[in-house]
Amino acid sequence: MQSGAVLIQLTDEALDPAPLVESVRTDASGAVALFYGVVRDHNEGRKVLYLEYDAYRELAERQMRLVADEIVAAHDIERVAIAHRFGRLEIGETSLLVAVSSAHRAAAFDACHAAVDRIKQTVPIWKKEFWAEGGVWLDGTPVDSAGESPA
Amino acid sequence: MGHFGMQIQVRLFAALAETAGTRAFPLDVPAGSDAGAVREAVQAHFPQLRGLCGRAGIAVNAEYTGADHVVKEGDEIALIPPVSGG
Amino acid sequence: MQSGAVLIQLTDEALDPAPLVESVRTDASGAVALFYGVVRDHNEGRKVLYLEYDAYRELAERQMRLVADEIVAAHDIERVAIAHRFGRLEIGETSLLVAVSSAHRAAAFDACHAAVDRIKQTVPIWKKEFWAEGGVWLDGTPVDSAGESPA
Amino acid sequence: MGHFGMQIQVRLFAALAETAGTRAFPLDVPAGSDAGAVREAVQAHFPQLRGLCGRAGIAVNAEYTGADHVVKEGDEIALIPPVSGG
């Protein structure tokens, strides 16, 4: 069986959703769910100026592909594409894109949501938040479980 | 180096890299060390990482692994702080 | 309060997601969920050649706006944009786009899914399926309830 | 029209329009008719619509309404087959 992960991208350039959607859609697709993670101007009551993302590129790409394969195996869908950006991102810029195609919409929505959750839990990417007075690397999800579960 | 030591490559990210002031460096560890021992050795080398290393996972050669994974000469050992992508 | 329905479009031209996404995103948005309804090549075991959509344009636009307002009122989201196409659509073309922005992803996914369901139940648009041997207007959802509930 | 009649505009869509062979036409109905009576009158005018009209909803002047909505001279009454957009 062909892998359902058709496009996995980790880049420091602006993300473009069009190639992801084109890569997941087949003639059997009735639905495509596309998620944009976007840099917002506030977090936990603080005004955010911009974010900086760090990534362990080799492992992050491998892990994004694992997530896509996992989601294809667990849901009644066709294909998954994932793009994540790193480096400095301004407010309103897209940090994450996840596209899922399926014959029917419910599975596309569920799988897309699950993929986003899984990416946030297991992909070695980190964000630092900058405010007027400084910045901090955000706390996140320890990867012990991530290291265990895909193995 | 010699019979009792080997050199591995350490990679740090995010808060760990910023606090250590480096993202990658070679480190000599005893032959037969596991990944957990490497994490200890990194903290001995950079005491300022003590607080941060506790919750860090480990990857060897760009694959997540447990602390008991035995490392080899030339392996790349990455310490992975809690992830916050998306 | 400003209406959360920012772009409502009913057109016989190809749908473009970019202006919808741009219209819903604000600096407070952390997530945008975008749904594509796509013409697929099969339905109930039959090979589909193309679809033709009919629409009661005045009421359909009004009803799309009602759905958007309803969804904004019922979910913890920012904005909703909806575009629906009519006329002849080939396999792979997009018939429906729904974009929802929110600070957080779970609400964006839920609201987007709910909006698509509601559109299919209440907006006066109809599809005729064409096969090699002919075609038929598909059965759908009676609008009595739709007529009642928004009133 | 005189005292006892009025003219309204009827609109049909999808299978109804295709079966009737028209999407819009004027129709004379008794003054004081409600939307349900208009739906009956349309079926009397196009007997081939009988089977299709049963599940059709009604909109008056581009708003969904019930069968008991009283229509006025010049109103636009649309019969809405079960919808299948998306």
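A, B, C and D are the chain letters, set down in written order, and residue numbers restart from 1 in every chain.
Methods note: contacts are C-beta pairs under 8 Å (C-beta built on N, C-alpha and C of every residue); 3 or more make two chains touch, one makes a residue touch a chain.
As the structure is a prediction and not an experimental result, all values here were calculated from the model.
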Chain centre separation in whole Å, for chain B relative to chain A (CA means): 26
Interchain centroid distance [CA atoms averaged], chain A/chain D, Å: 50
Chain C, residues touching no fewer than two other chains: 37, 116
For chain B, residues contacting two or more additional chains: none
Chain-level touch network, classified as line, ring, star, complete or other: line
Complete list of chain pairs which touch one another: A-B, A-C, C-D
Chain B-facing residues of chain A, complex: 37, 53-56, 58-60, 62-63, 84, 95-96, 116, 119-128, 137-144, 146-148, 150-151
Residue ranges of chain A touching chain C (in the complex, touch as defined): 17, 21, 25, 27-42, 91-92, 101, 103, 105-106, 108-109, 112-113, 116
Residues of chain B that touch chain A when the two form their complex: 11, 13-15, 17-18, 55-59, 62-66, 78, 80-86
